[in-house]
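A, B, C and D are the chain letters, set down in written order, and residue numbers restart from 1 in every chain.
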Amino acid sequence: MAIKRIAINTGGGDAPGLNGVIRAVALSAYREGWEVVGIREGYRGLLDDDPELLPVLDPDRVRGIMHLGGTILGTTNRGDPFNFPVMVDGKPEPRDMSKKLVDRFKELGFDALVALGGDGSMSLATRLLKAGLPRVIGVPKTIDNDLKGTDITFGFETAVSTATEALDRLHTTAQSHRRVMVVEVMGRDAGWIALHAGIGGGADVILIPEIPFRLESVYEKLHRRYQRGRQFAIVVVAEGAKLQDGAAVYKGEKGQFREHAQLGGISEYLAREIGRATGYETRNVVLGHLQRGGSPVTYDRVLAQRLGCAATRYLKETTESGLVAMRGGRTQLVPFSEVVGGTRGVDANDELVLTARALGLCFGDEPPGTFVA
Amino acid sequence: MAIKRIAINTGGGDAPGLNGVIRAVALSAYREGWEVVGIREGYRGLLDDDPELLPVLDPDRVRGIMHLGGTILGTTNRGDPFNFPVMVDGKPEPRDMSKKLVDRFKELGFDALVALGGDGSMSLATRLLKAGLPRVIGVPKTIDNDLKGTDITFGFETAVSTATEALDRLHTTAQSHRRVMVVEVMGRDAGWIALHAGIGGGADVILIPEIPFRLESVYEKLHRRYQRGRQFAIVVVAEGAKLQDGAAVYKGEKGQFREHAQLGGISEYLAREIGRATGYETRNVVLGHLQRGGSPVTYDRVLAQRLGCAATRYLKETTESGLVAMRGGRTQLVPFSEVVGGTRGVDANDELVLTARALGLCFGDEPPGTFVA
Amino acid sequence: MAIKRIAINTGGGDAPGLNGVIRAVALSAYREGWEVVGIREGYRGLLDDDPELLPVLDPDRVRGIMHLGGTILGTTNRGDPFNFPVMVDGKPEPRDMSKKLVDRFKELGFDALVALGGDGSMSLATRLLKAGLPRVIGVPKTIDNDLKGTDITFGFETAVSTATEALDRLHTTAQSHRRVMVVEVMGRDAGWIALHAGIGGGADVILIPEIPFRLESVYEKLHRRYQRGRQFAIVVVAEGAKLQDGAAVYKGEKGQFREHAQLGGISEYLAREIGRATGYETRNVVLGHLQRGGSPVTYDRVLAQRLGCAATRYLKETTESGLVAMRGGRTQLVPFSEVVGGTRGVDANDELVLTARALGLCFGDEPPGTFVA
Amino acid sequence: MAIKRIAINTGGGDAPGLNGVIRAVALSAYREGWEVVGIREGYRGLLDDDPELLPVLDPDRVRGIMHLGGTILGTTNRGDPFNFPVMVDGKPEPRDMSKKLVDRFKELGFDALVALGGDGSMSLATRLLKAGLPRVIGVPKTIDNDLKGTDITFGFETAVSTATEALDRLHTTAQSHRRVMVVEVMGRDAGWIALHAGIGGGADVILIPEIPFRLESVYEKLHRRYQRGRQFAIVVVAEGAKLQDGAAVYKGEKGQFREHAQLGGISEYLAREIGRATGYETRNVVLGHLQRGGSPVTYDRVLAQRLGCAATRYLKETTESGLVAMRGGRTQLVPFSEVVGGTRGVDANDELVLTARALGLCFGDEPPGTFVA
């Protein structure tokens, strides 16, 4: 069926590049003669709002937004339509609103949805297709780069660049004060940001969820470095990094998993333990939400627009639903079944891990004696 | 007495521009035919090291360092020569090493010291002059900009720029998620960074030590803003900001003053309280040591080199000790007595405070009803 | 007379910070209960447009513009109302439209004009006051920083930063290839950008209009540098730099003054002459309009908003016309008579010139033998 | 034969990331127990210098260089050993020095060469292998990204980012003054920089060597844009862009091919022609050497170190010569025969070209009527 009118939304955590995709979909669809309508805050715009308020994204509406961070549509982590918070007696209670959503979608005459999001958003898309949504094209967004089925997601390179710039800044002050700086970056399940930023920012230690670590290995690396006269160091740690022993994930002093960018996380723990064990002066910094914001780097601007235009193209040229994935340097429409469920983590034999090891970096899993110069 | 050989050191917290001053002193003194010797880590180089290891800062030694953050000489917060940590039975005990320091200084043939530092360093300089050091020229360094006797200190503009860039990043993600972002910047005693970055970064609330605040005033500002449809906000808070009621300085949950950039500080407290009182989603970020590092912005590069060359000039053209201050756009040699003791805070009637109020920003001291649109 | 309704315009060359001033005037005037109306492209909006189209700058209209380069009002170098291009038989002919302008201004009920501009704009303001405009408050804008009566203009620090970043980039490639890089920056009459960027970017030679130069002095500096083993160099030249001999200003090969950022200017000339005379490999780069664009640095954002709010304050608290100048770190309302006519150039004994000379930089006016190491 | 001692050099135009590769090769080879020796300025270090002066690149020697632009080894475009400039009677005359080079290489005990360069350097490597050099591993460097056999070269993403930042700056000033900005970027044979920066920087027109253009198509695009009320535009042009008619490459007014970044190039021509034909105000900017300099962006830092470590790995694990290419997201050792001869240009059907067209950009090859809104 020929497309005439499509909806677009953004879900889950913010990522630089969302506006670039929105603009690219809007402009490329406009050239096809389609109407593009934005849904606010995930699916909330269809469930809360007077549909009259949904913005029509004509070229004027998406003008000058490509290089801006954030999303003009808004986003939320709390908009699951199958458990949608409905106010009952003044309190939010979760309700399955999927049927209402599908009905509205059809009433409004949408032929398809372009959904920008990560694993959670693609899972929702799958379920909504089953619930009757006519067609969904997903666009892979996550600063963590851990979405299955695609080589890369937009937002990641900007997050890595932000983290690397921070490492550059911390390098000079670490050296001046002879300090070990422990820098916590995002990555609950996957260590991609830590791995790339650690290599790009010249870190000495990289700790990621996929490679559980021993503190003794970190101490040995630092000792060897200080003994050689390099009396400062940078430790990059993904928020989800794990100790090898049973303690699994470090959960904060209050015994509960600490949310993204909240304080008392793993970097504070590491700074304290390293200080105690080595006697070196330590400090920690949590980059937190800095990694989600700001103007996308050029790489992400180009990627976002490539993906957005491809979404329009696959809508036009195929009749399928699926994710616009990057594979081997070009886009490909991939079934959602290859995407949802689980994340794509760092393989311990990934070439970048080998690169880091060849440069002498420590992942914390090295046997004793590894860093004897 | 004609100068022939001078020493230079850097003390206290790291600040962008230190290397620019070092280079400028070294190059300008070299043109006068003087020898410049660097002392490592404040005064530690004179007390610990074999004097043979003090680096002679000839032009080759200071090449290419001007735009680098940090200090090639190292710095420390723990090098007070009147309470110097001397190892006794394997433990550090504070000892007065000032006499040894002055003797070494003279043995090494130094005619004067150029001391880069803040209030603490200038106090030490005063005491060391009394203890027999022949002459000291101070150069005003602190990212907090709170040194008395000078209009501006190098390092400040870079710290402000780093904080402003962070606010730019957080703006976009705050808006996408409809969040109140509470951003903690440095400033234990003075709110200059918060004030400048808050204005430059388009914040909605600025909380500084000099203007104790009420939480209710902040809530009112946020309510008014959300009611007008701007459903996100940026709160900038200096780490030393104080509540108006008796509680004085917020000291963290454990009842003790939390060190710079350490976790559990005032921004975490504010994010929690604001969330509880308003129901808006909140997040906090602590910029911490990011503000001390990185390449100095152009303003600080020019200022650092101006101050460094002026230090050499005042050494040559006068016989005084004192601080090379900036006053009314040019340098001036100011007696240390005008500099040490206390800090230069933000005046509640400072033109920039009036500017912020005219823009509609909240300082938390407004009477109820101020922000009724 | 109490102010109720004011107009605001931007004139002359674009400068980073214009939008910050516009926003600050709009927000601060809004808090006074005034209406602020924007005039498009200097005075063109009053002469060309249907007055209904003049935008009312309420808070919503100036939202999110502070950190953007450019001006939402547009600007022009061709809008002198005393010689306004009026179409006659399809061709523009200059006409005195000042009376019409003043009449329109009054018809529209404006009590005062806030005029953002440089020397040209302030001269126009003086003449329009004589022609009957009720009141004008000027705000000092020029990336060249050469406006009389004020210590600093907004836009300058951003232009300097852009130029310094360019020098940083060119440094590394100059060194890799052993080249002399000649970099042309703006400054037809004044060398402030060249002076600040040259010091901030670690240049070896700075050539400015205020200090006419000899080529031989430049060659000597370069020879000495190459002989000492530093086989690359950076020459910063203001577009208006002059040779000492009769040739006055270099005018390009076609014998006519070359416009800003146009090709074939003084840097191409210098690169060729230096290459011929020394045999060193040379390249030239003209930064041109890059210096006018982009997001203002934090310094300019704060300055712009300080000036904008002060404009409102002086409108409220005084009955005078004049320029909101920065003097000694705070604003002051200065009569236009102290501002217009001539420019504020670099004094040959300015402390920054002495700073540069103390660092060993060459201005091209040194007697032979100066750079014998 | 087991590797014990290797040489490394950098050839051709400077590119950000060279130091990252050098450091990665040095550190990874050090861990294998090999000695790494740097050859200065391509092959010049072997032909000119006292071999004693070749620097041994131990870990201390490559410390802190990863994030620096340029190359610590120096580079040159004039070091072809088969046509090496030898001084004869005070004049340089080209001589075949390949035999001497190979002899020296063997005398110095090198088992292999790691050669960082583009097409020219890889061609030389092929010829030197035939002339007796034992083994060469190439690492693909060119900001133009036009090397055959690899998906990507280091330095490119940084050059693109520099160009995109420049477009961001020029956007704001173009809009304020209603100007058409013509921006010339590098790319004599390939339009990759223009294509990526044009998309990332929101250009309206992209002109590249691979798609010869008609001026009329550009005019039409601009007319349509201005008619829709968007009265400014950005034209990005690769220096090697060609007109469709016989004139082939625009060669400058003096009828000769103008060198990279030299003035009087294609952007000046275009600005003049567009101004004449459309009556719109135009300006041109030549980015030139800015694109070669500066600290590599994170992407290039990671890529450079991945390639450098892979060079060591392929030296260890294989006995082949060849290029360390990136293919499908990982490295691969590719025979030089697949690399040398010709360049890898933009295919007219490349997905990014389609992306740009879908966004409404003009390549100058569109038939009349394309841009009728």
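Note that a contact is a pair of C-beta atoms (placed from the backbone, for glycine too) under 8 Å apart; a residue touches a chain by one contact, two chains touch by 3 or more.
Not measured: the values here are computed from a predicted model.
Ranked by separation of Cα centres from chain B, the top chain is D. Per-chain Cα centroids separate chain A from chain B by 34 Å. If you average the CA atoms of chain A and of chain C, the two centres end up 42 Å from each other. Centre-to-centre, using mean CA coordinates, chain B is 42 Å away from chain D. Across the assembly, chain C contributes 168 as residues in contact with two or more other chains.
If touching chains are joined by edges, the resulting network of the protein chains shown is one closed cycle, each chain touching exactly two neighbours. Pairwise, the chains that touch each other are A-B, A-D, B-C, C-D. Of all residues in chain D, only 24, 27-28, 31, 66-67, 151, 157, 160-161, 164, 168, 196-197, 199-202, 297-299, 301-302, 305-306, 309-310, 312-313, 328-331, 351-352, 354-355, 358-360 touch chain A in the complex they form. Across the interface of their complex, chain D is touched by residues 10, 14, 16, 18, 68-71, 74-77, 162, 165-166, 168-178, 181, 261, 263-264, 268, 283-286, 288-290, 292-294 of chain C.
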